[in-house]
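One structure is given below, encoded as structure tokens.
In this document, chain identifiers A, B, C and D correspond to the written order of the chains, with residue numbering beginning at 1 in each.
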């Protein structure tokens, strides 16, 4: 039992490392395709050929590809994501300055989605076929289907411009946390709504599916109360697909956060990448994208491990055998 | 012995078989010969272990055993779906491996299989007609002749003409089984491996299918290997039976002799799990303790010793070999006949 | 129905009268049970046999009133020790489940929740049966129950999740669960069908041993006539949603009166006469959508007359508790 | 699996027709179907549906309110919004359909291949899939745009690449299930060659679910294209695209909200319509499709 769990942990860790490794190779390949000379961009039109050459040597761009790849890996491993070719600042410090905004936005959105989506899903499943169930179904699909930035624009238009209830753009400059909290509301809701619908629907379907399983019939045959069956026996099973989806959700939310940050003019990885693209500042893009990927992969790892905490079959390395899934 | 049914030839052969020891070569070479066949999956799962089995031309051999006994693997080895890890499998005097390498299609025509789940063995998005023409297309059989043959077979099997326009989910389980038989017969095979042909059929209709299989055996001079967990079917239909446990054949004997007096303790226990309806005929119930061990880590010595009611010290260390025990039977036991079915 | 007055000395535990179950399907209304009348004797094991579509599993579901959602009609009478089960509301019925009626299912692999340990399953069932029971007490009883179904290392098994147990072990756990609530009626729906032969023998042995410890009645549903003959006291033969013949097992099997029972017994090949033709019943099983206006077996019956094709036979007492539903009983002997 | 064949008999056309009818029996399915037909119609017949040249400038008439001449008004350059929206549908459908066609083909091929490859190679393919899907689509697109500059072609390629693992995994798992299916065993016992098995037996049985997944991916691709164009990193102006229209309007939000609302509603209705249709299609065929992810 114990060794199975360790083996599972080990294989999951190896896969995670391989994925991050692969992502770095992919980013590096892209970067080696960047047209033009980064040194020339950095130095502008005044660059003398000698100075430009010195710069190229300094940045190691004259080295063969595999040496540059190796250098990229060892730099990343030591936390060095390169140098912003426009300002000359360290990419790592630029990213660490803005990443808290993105992380907080993403995680408050997922938290909001979970604490509203799961109860809604349970309600819909236990009141199957009711009017409320149908309304929830339609609202869910609308939230899922309509792009997040469109929802963001509408929220902005309604609550900030027409109703003028909430401050609109950016973060609080005064450091006033209440003001900052207010400014967080719209972006968080805009980012979360799609996932509220998604989680509500997923919980509903999984719940209904689990309710049809033989082991629920066993519980019924022994007269266990409907409440015990729903909230103890069925909910745990129904949560497993939801948890799996959450891992993927973080990735999509990180992607969505980029757009939301731009709509609401909030600082964060999205704005950093956006700004860097218009400057053709590839090292910044590369560093920021890599950070997004690493966060995504690590969150997925955590999700997978917590999943095994719920499901003993994964823990014991016997997934898929027996047990109706 | 068997008086009513078997054709002249078969009777002749079975008489021969009783007279001569099994291990020596009989006059006609057996159609199927497995010699010391083992199959190991992934380096540790010993699905088959040193299986030796011969099937005479025109014979009907039964195979019984529980899950993990290796019945299915044996079938797959025989039809060339699973290569043996060691040992040799030959059909018609030439090894399956060589036939698959030199003329695979000829081997496929020679050996056919009826799969356990008859409905699922038909391609779900193809009409029955197209499924039945698959062998013709794959083997580029002469079209007109093959079509004629197919029509004759369908009629012989009592399948309605409109069945060919239907899809598998639109026909009954009994019909699906017959379609499977028809598909095999188009190839004019010599050997048919039938994996649980009556599984899932109600007892009121299984007789019809078995009668059909028996008739076809005569008409098309077929040889059968019949796998079933229904001991009544094995007892009634087959002439020889092999009992498998944990990847090994533990006993192999003429069916009637086996059911009357099993030599291996496992055979005795297995046969006793099938209580007769008539209390007068009901044998003593032998209840084995424990569960079937895993094939990944089979017990040392005799594989059955962990559950054997009559095991002795020697059984825990010495692995018995398949040895002759009279009446044309082979038994893998140090102490054959020590567990009796009699009350 | 007056002719169905109880014959056995004590009143039966359960008296089922004219039970009808219908469900809506894509092809129309399916008649799953077409007027079943049956007694379940106190302390007796009743074997219910029948082929697919005979309604034997649905009969068990009716007794527990755990039915799928597409049921459109359930009427007749199930009198359980004087209480009419069909008259109870859902809340009242729930108090019967896991108290006076318990059930063992066919597929032990899916009958237990994969995310909860054996202990959780057993303790929850006990707490529902005896509200107020302490956890330690419940665990002790669960442990005891596991021992009584032949589980050698109960503490290990209590802590185990279902996937860590073999099929036979899971079925033992299910039996232990049933024993824990000490029901008056235990329903066993093909409890050994999914098991290997030698493990099946163990479970049959266990069920037979139960007779000494268990005072309630058992309904044992199976398609294996030999098993029923060995294990049961009474036999009920079902076909097409009706009971065609019922009575003491030895009597029915030794002197079957209904043409279907006889045909079924002939299909059971027990002899080793090689070569002879195997018997089968021509035709196909009754279409559940077909209306119930005649003997359901008439289309396949060798003795069917015009009367059989136009009239529904009622059960007739032919011996001590031996009842047969056949219109031509007198003629065919 | 055998869904399209179920009940419909022999004719493939009849099967498709039957499925569509089933889709339209639900209200949401019918609404989705109508929207899909409208969007497709606009895309196919944009020049005829549009009332104006979408690129015709009329700076004197900028931010015109909706009227008989301009049904939805004009944008900041005086271009007719309705006509730009109709042409935006064309761009959206072009991007969505070509990206999905590429991803479906490549993903299915890779998925089937992975299922038949030895374990080690299969694991490599799966890791590659994992690597690709560890990039949120939009983020990978941003990285690519940073390198190659904004263009419709890049959007198509990147979206296709990010969708390949989606189809590839489903194709693989479906093929693995089929591989041990008795009817494929039967084919092997009959001696069928592997191309025959793959093309005649595996492909027809996995294509149905994959096509339905593809239809459910259409709104996802529309969203990504619109998002990139909204950032000015997708379809290049002056070509009309829904995301670009929203961006144009968003710039001038302080002056008028009409263009933003109109183009957002168009985008929202289109993605909602395709989602409703895709889900109704899935439910009509097999509600479990795509649930493994």
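Criterion: a contact is a pair of C-beta atoms (placed from the backbone, for glycine too) under 8 Å apart; a residue touches a chain by one contact, two chains touch by 3 or more.
On a predicted model such as this, the values are computed, not experimentally measured, just so you know.
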Required minimum of steps from chain B to chain C, each step between chains that touch: 1
A-C against B-D, pair bridged by the larger set of C-beta contacts: A-C
CA centroid of chain C to CA centroid of chain D, Å: 53
Cα-centroid distance, chain A relative to chain B, in whole angstrom: 56
Multi-partner residues of chain A (at least 2 other chains): none
Residues of chain B whose C-beta touches two or more other chains: none
Category of the chain touch graph - line, ring, star, complete, other: ring
Touch relationships between chains, expressed as pairs: A-C, A-D, B-C, B-D
Complex contacts: residues of chain C adjacent to chain A: 64, 66, 94-99, 102-103, 105, 107, 109-116, 124-125, 128-129, 161-164, 174, 177, 181
Chain C to chain B touching residues, read off their complex: 51-52, 166, 168-169, 196-202, 204-205, 223, 225-227, 229-230, 250, 253, 263-265, 267-282, 284-285
Contacting residues of chain A [partner chain C, same complex]: 213-225, 228, 232-233, 236-237, 310-313, 316, 318, 321-325
Touching residues on chain D, where the partner in the complex is chain B: 1-2, 4-6, 10, 181-183, 185-193, 196, 201, 204-205
Chain B to chain C touching residues, read off their complex: 2-6, 66-67, 172, 202-208, 210-211, 229, 232-233, 235-236, 239, 255-256, 259, 269-270, 272-279, 281-282, 285-289, 291-292, 307
